[in-house]
Structures are given as structure tokens and as C-alpha cells.
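Every chain is named by a letter (A, B and C) in the order it is written, and numbering of its residues begins at 1.
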């Protein structure tokens, strides 16, 4: 029988489980997403809006208002990239675009998927709108918005 | 060498499950509070050092997530991924360098959000130790057994440590476990890994702690009773449990020696008025008495039997209740520092040790006191 | 009242690894698998024999190590009876089981392993134990099933 080669590499994996507390602001945010709308928190000092909402405005290090403010589900693409390759844990198969979206009137931005009839039409500054899932399909997650679509595609 | 003081501190209060605050909200609360306690704004903080643990938080580089909450936006900021007594050490060194005059140190841990044994299990290397499913309790149990064997220490002695710390915690509004217990209850509690039973072990905790350090001139401007860092020392031992004599705590003794030398302490038993130590487990507190020089080797149980380390004893240890009463890893060591500072500035309320002038602070990382951090604090 | 779903988010992190064993673990694990032998590292500076082996001695740092065979029997340094396993891994024995630090003959350090074929009430520090090897071995510390009391002592 062939002798086995000496051991040089060992495979293993590390698995840890979590249960992250939302806190009041994230709680409200996801509850509102389930209802089909975005809410923001407003800094008591500079008045700017934060989505996702946070308890603190990092720039001012000041409290944000307790009451969250509904904001439009339209905005613009700040930056984006087109994904052409596959990797484990991918949400949808390539090709697709993912970008940083700034909702109208809101100061902070977040990531989401961008869908377009022609991916080449996506540019920095392109106007987009959230495509919401049907009410009974929404769960209280970022993916209650299926993707952001180009406003021009809707017309 | 510059003189550096603790000028303010705060603690969040500790509980088994904080489901009302996200980690960033918890950090924000203590950071706001400590700045308020110091009477300064975040503009007057030159550097931020956080103490947190990526695996606990479930975020690689757990501090980058906390920038807004820890008042670190656009500031000089870094993290120490170890017990947060090391975060305080690092902040102290930054001020000593002369590059900074004030430092904010903030540490947090939410044990309820992960599975603590999975986390402590990962401290063990994948090849030689992790296959056995070792974690903190079984690791410290091997050490406790070796200690019992070497010096004839028994489980009653260890139970007395638990009784003492829980009694002390009743007077500490921040503590998590505030219910007194008897020696019998400790001995009858669920065996986990002999000789450690449930009540010999620390709780799983959520909480955060923050302190502000400042160099001398600023410290005197900011507070009436600055608590000076008089001495500091750290040392780390071998990694594999079997490579060390687990009863010797060599690196702990070395760290203490360095801190005592810097602080000019020749006889710790006489010169230390109060000690806050991260004992973690019951037996281990007695081992620390020995390694920190409060008594001879093997004589730790004498101190607990005679009541020397009780609140009204000659050298009270853990008036806060220690890690046995609240253990939001990795904030534990910073909490010891915050508590010692309260003692020396006369702000420890019902758990105040009278006329405390010199305090010993001990923090640790890794298994069985592999990594050790000792501070000696005093006041004018 | 229905439980609020927006209190916490459950999740897990699973990261695969492929660690380079390194010279000392490589030799140690290969010898377990192929030769049913336990390898230690002797420091050429101070003569200390490390089991399990590592490539450098903490005290001497610069000195080279040479790899030596150590006996698969030795003395119990410390142990714990685990009644409530907190980490679930494949184990040769059900709880309550004994985890031990064993100092093999001619080694200067102790290694972790299980104790088996023993009455847990009768385990004592200083007891002599010997390895029980698996027939099918893969190059892991678990190629030794556990250590049992040496000779007839039960």
C-alpha cells in the first residue's frame, strides 16, 4: 500500500452562533420595512437624517430624535459595481449590480441590489426607486425591497 | 515619566440579557455618561482605545462598527482585542509617549448574543487542544484540581470566595449577581467540570465600562481626586496548558513584581488597601492572593478562612463582587480598574473601603491566567 | 401577546480554514498516524522536551529543537470530570468523562487527553496511564482513543 504523504495542512472550520439585539432604532426600522416604508432618525444637533436610523449621529456625537421620520423610497446611486462572478453565499446569480444608494433628503447611505433592463445604463447619479415585495412576502428585512430599479425603466 | 490619572469612569450595569440595547447603543450610553462625568466634550479627547472581541461581537474588527458610538469619528482610535485592562494599559502608554494628553477607554461585551463556550473554546488551538471540546470551565477546572492537589485546598475554601463576593455584590448597584449564597449552596450546585460547580463559575453577562485617563496637568484641572496610575506591569506565559505548572502563575507574579517595583511597593500585603482582581472562578481568587504577593504560596485559603480579604478585613479583595458577580468579557479587567478608581476617589458608596489610598488592579486574558495585567493605583 | 419579532436577529458565522500544520505539528500528527508514536521536541538549549511539540522553546527562543520519540505512557498531572460538556464534539465516551493533563515519560510538559476504562471515582493525580490507540488513524490527537490506567490498576 502507498504510504500516505506527511501531514502539512489541516482543514477545519469555526462555527459560532449569535443572537444580535436590534435595539430600539433597528427594531423600528425593520418594523417599518415590513410595512413598506423607510424611516430615518434625525440628529438633534445638525438636523441631518440617517438611514438606517441610529441612536447617535457620529459626526456630532449627539442624540437623534426619538421619533423616526418617514422618508421617500426614491434616491440616487452614489456608486455601484457589476458583479460578474459567482461566490458562496451569493443572494442572486450574476450578472447583477450592487450599489450604495442615497435616499432623497437623507444624509447617510446603504447598500442594495440594483436591477436594470440594461446594466450599462447604471451610472453614478442615476435615479432609482425601491421595488417592494408584496405585503404578504415582506418579513421585516432589507430584502423586503427586492431591489432598486432605475426610474427610467419604470416609465 | 509623566503622571497619568483616571479622572472619570462609568459602568453600564450588568445583566444576563440586555435585549433593549444594541451593542452600539450600549456603547453610546456609557461613552456619553463618562464624558458627562468628566465634564468634557468629545473634542477634548485626544485618543480613543476600545476593548472588544471580534468573536464575541460577530464582527471582524469589532471596533470599526462602534466608531460613532464611542465618540471616535475622525479621531485617533484603535482597539485592543484582549481583556480591556490591556486597553487601559495601551491608553496609558499613549499618554506617556507625550503624543496625547487625554484618552477615552471603552470596553464592552454581550455574552448573551453569542455562545460563550464556543467563544472560549476558540481560544484553544485547532490541532492539539480544540478537538477535546475544551472551553473556559474545563480549562480552569484542570487548574483548580492541580491547585487542590498541590496545597490541599478544598472545595469549601473555594465556596467561601463565592460567598464573600456575592455578599459584596449586594452593595454594588452595577453587579449582576446580587443574591447571597451559603457555602452549602455552592457545594450543592450543579457539577460542571470537577471541582467547578455552577456557583464556582462566573455568570454570562452583557455590559460596558468606560474610563477617561489624563496626564497630570489636565487631570488636576478635570477632577478633585485624580487616581494616579503609580505602577503597571504585564507578562504572558506559555500557551499550551500542559507547558506550564498551572499552579505557579509565574507570569502573574512577574507582572505584579514589575508593577510593585514601579510603584515602590515593597510589602503588598501591608501597603495595598484594596484589590480588584479578575478572579473568574472561585479557586482562582485564592491562587491570585498568592501570585500577587498577599500571602505565601499555598496559603491563599488562610486569607479566606481568616476573613482577611473580606470587606472588613485587612486587605479587602473584590468589594465589587468581582467577575463572579458580573463578567461581560472582555470588559472585566477595565471594570476592575473603574471600581478601584471609585474606591480611591471615595465614590464607592456602600461598598467603600474606608481610607483606601493604594489599590491593586488585576486583569487577565486567555486560559488559566496566561496573559496578565497588573496596575497599582494611588491618590494624593 | 405575540412575541415581538424585532427584538433580536439570530445568525451564525461559519468560516472554513486550511491551516498549515508547521514542522512540529506536522511531524507529531504524521507519527501518530503512520507509526503509533508520540513525538516531542527537545530544546538544544535547555534540554526541555515539549509534548506536544512546538518548533521553538519559550525560554531559549533561538535554540534549535530536535524531534524525539517519547513513551506513550506517563503520569496524571491533573484532571477534571466533565459532567456537563459545554462544547459538543465527537467524543469516545459519554459524560461524565475525564479530561486530563498527562506527562508522558521523558517529556517535560503535559498533554491533554481523555481517560477511559477507568472508574472516575478512582482517578488520582500521580496515577500511571497508557495510551489506547485506534486501529484506523488519520493524523490527529484523537488517533489515541484515550489513556487508561497502566497495567492492571483500574
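One rule holds in what follows: a residue touches a chain if its C-beta (ideal position, glycine included) is under 8 Å from a C-beta of that chain, and two chains touch if they have at least 3 such contacts.
Quantities reported herein were computed from a predicted structural model and do not represent experimental measurements.
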Between the pairs B-C and A-C, the one where more C-beta pairs touch: B-C
Per Cα centroids, the chain farthest from subunit B: A
Separation of subunit A from subunit B, taking each centre as the mean of its C-alpha atoms, in whole Å: 38
Geometric centre distance via CA averages, subunit C-subunit B, whole Å: 30
Subunit A and subunit C, separation of their C-alpha mean positions in angstrom: 45
Where subunit C touches two or more other chains, by residue: 7-8, 11, 13, 17, 19, 21, 25, 29
Sequence positions of subunit A contacting 2 or more other chains: 10, 12, 14-22, 26
For subunit B, residues contacting two or more additional chains: 19, 58, 113, 118, 126-127
Complex interface listing, subunit B residues touching subunit A: 18-25, 28, 42, 55, 58, 67-69, 71, 73, 110, 112-115, 118-119, 122, 126-127
Residues of subunit C defined as touching subunit B within the complex: 7-8, 11, 13, 17, 19, 21, 25, 29, 50-52, 54, 58, 77-89, 91, 99-103, 109-114, 125, 140-142
Subunit A to subunit B touching residues, read off their complex: 10, 12, 14-26, 54-59, 61
List of subunit A residues in touch with subunit C within their complex: 3-4, 6-22, 26-28, 30-31, 140
Residues of subunit C touching subunit A in the complex: 4-21, 25-27, 29-30, 33-34, 139
